[in-house]
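This structure is in structure tokens; I'll ask about it shortly.
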């Protein structure tokens, strides 16, 4: 390197800069074009949303030209291949799965969050947290496989008349999948509770669990609720686990041992079957998709609303 | 009177301390449920799939008999698909992040883009499948091809890439930006020569994590018509294709028990690839975190 | 020489007494790099500078002192318009750089910053090699020729008195250097485009005493070729290295005079209080 450098010559840098400036028009053009290119890219995400709304609305309207919207939302028989389009069984299936998943994930996730935030030492937290996060990174098709080939047979030893396809194991595994969401978002909420509040309670002789239940949980309440709502939204939209493990029987039931079908599972079923482009069944995909979209959108908006309010507290 | 009271407090104190211990054990056990589940899952997949996992399995095309079936079409399909997703999602995602962090003015439109990206991240993946079906498969007339699947998946992971790239760009110290502007550098020169090079590790980590999510995704690709059985490798953007999760899904759904073992073998390969990708991401992160 | 100094002192002092009421007479000799007139600056609705007027002499070291928050850094950053990186900043008044209005419509920020280099409070090298750090300025202005860049890098590092220490380490990442070395690399980086003026914003506040001494020595060396404006909260430093000193308080330029004069017989009570340590 040393020898590569020339000995000090008479270089007039400012003069060179002046010279280069005259040929700099290309640079100036780039400088002007780049922001527009970047803006264009930023608009892709807006177009994606617009595209989703457009396609769901347009094809749903096409669907409702053939099937009355009232029959769709009030009918209780979903058998599209015989011309019955009452969506209630699919919504019921989705809600059943979501309920089971929530009952699994909320207690486990919350207790994990409390353990990690209040009881675990730094070392334990650094080991346990990433492992828990792995749960969120497992492909859902793998969960589906596990639910079908392991969880269901395991449950069958306790519940002998449990079918191969049932809402229970599907919902349970969805619940396991969303534990990290509940746990890590709730833990964040608990961590942001100021230590002064805890110290105040400890100073009065409170034990740890009293501090957790009387100070930390109430203070972190809205953050915890937001995490639960987000996790529910995730459960509503989950597809592969329920398609593989919960069955393909539209069934308006709240018996978790039954085989059911969720909105998402129907969309997969119809897309893999011989659905002709432009047929009523094809359009029904979108009507169901739009219903699903509205469910998750409402959940996401609620979560955002809660966490916005939550942020203002501290 | 006072003594009695004190005794009462002491007695209750023992109860409270005991309850605290019991609850701590309970919370710990609850935390382990997820971990135990994970161990069981890995154990189950390994024991089921290991018997069918061999070099032939990885390099064979699908076959009607479990012993001869292979994952090759899925492995290569997933790789090709990820290349398309990476190119498209990184260009658009990083550009969006640069726009939002460095160019966008504080106004309603910028807020709208931000909120929109946040909401997009919460849309179920299968809805992206419907989007791809309408636009890429039918409207653009790509059919059930690699490019249709790739673009659909790129849109799906776009929010993840944007958010991680934004974080990476934001973490570039403002001192070195000032240094660049102070030298008379223009905005784009500062971005291209200082901000982007400094944020590449973060962007790379975020991209790999987003891609590892995409490589395991199944539902949207079913909707945009990834084939279940295919006997050639895709040779163009408009070729038919399949991916690993689709093959696994297809095998899982078959009634004969042997196919479950085949699916298990496929899952081992998929998880190994995911593990590899995440390790790379962690290595990059650790290597550069020390630097800055 | 003596005459002009007298004259400057007079203009500066006249203005302090009668604020902005009378317009300063034009300095026709062109010995000023900056002529600042009635500069006001606001961050949103908070005013940070009030009616600042001063002429910065060529090829001298001008120190700016004052307690924290007095606006001295803000003033410095106004001179190369870095202050505008905060979007809510508004200014009024005039700053002329070599008789060109820097707020003028057809006056380019990039050009100004090429002429007016800056060294920051905390050493802020890029996470690149020493060579790439110093070559940064010439490169962004279009100089690509390797031999020319080699010459510039060597000259600049020599100019920053760090060539001997680093000539075998040009490929090393600048982050691996000590704080003092980093700051001198940053000075070399500023020198690489051969600016006219160098602004220094408390350049030694993050350095140890030995590095500080080296940088101070360097400043003395640099003033032979460059005009230097240095912000410092260290009065001894200002006394040691500067030719003229400006004292800022609460956004106002209280006094601007020959350094020796200002420290030995300050005209304003507030200056006297400050340099005798009664506040700040």
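Labels for the chains are A, B and C, by order of writing; each one numbers its residues from 1.
Criterion: a contact is a pair of C-beta atoms (placed from the backbone, for glycine too) under 8 Å apart; a residue touches a chain by one contact, two chains touch by 3 or more.
The shown structure was predicted, so the numbers you read here are calculated from the model rather than taken from an experiment.
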item: Chain whose Cα centroid lies at the greatest distance from that of chain B; value: C
item: Leading chain pair when contacts are tallied as C-beta pairs; value: A-B
item: For chain A paired with chain B, centre-to-centre distance based on mean C-alpha positions, whole Å; value: 12
item: Centre-to-centre distance between chain C and chain B (centres being mean Cα positions), rounded to whole Å; value: 49
item: Chain A-chain C separation of Cα centroids, rounded to whole Å; value: 53
item: Overlap residues in chain A, where contacts from two or more other chains coincide; value: 27
item: For chain B, residues contacting two or more additional chains; value: 186
item: Residues of chain C whose C-beta touches two or more other chains; value: 114, 141, 193
item: Of chain B, residues touching chain A in the complex; value: 16-17, 19-20, 23-24, 26-28, 30-31, 33-35, 37-38, 40-41, 44-45, 48, 91-93, 95-96, 98-100, 103-104, 112-113, 116-120, 122-131, 133-135, 138, 155, 158-159, 162, 186-188, 212-213, 215-219, 222-223, 225, 245, 248-249, 252-253, 260, 263-264, 267, 270-271, 274, 278
item: Residues of chain B that touch chain C when the two form their complex; value: 106, 173, 175-176, 178-186, 189, 193-194, 197-198, 291-292
item: Footprint of chain A on chain C - complex, ascending; value: 114-115, 131, 138, 141-143, 147-148, 150-155, 158, 167-168, 170-171, 192-196
item: Complex contacts: residues of chain C adjacent to chain B; value: 80, 82, 85, 87, 109-114, 117-118, 120, 122, 124-128, 136-137, 139-141, 175, 186, 189-190, 193
item: Complex interface listing, chain A residues touching chain C; value: 1-2, 4-9, 11-14, 16-17, 20-21, 23-24, 27
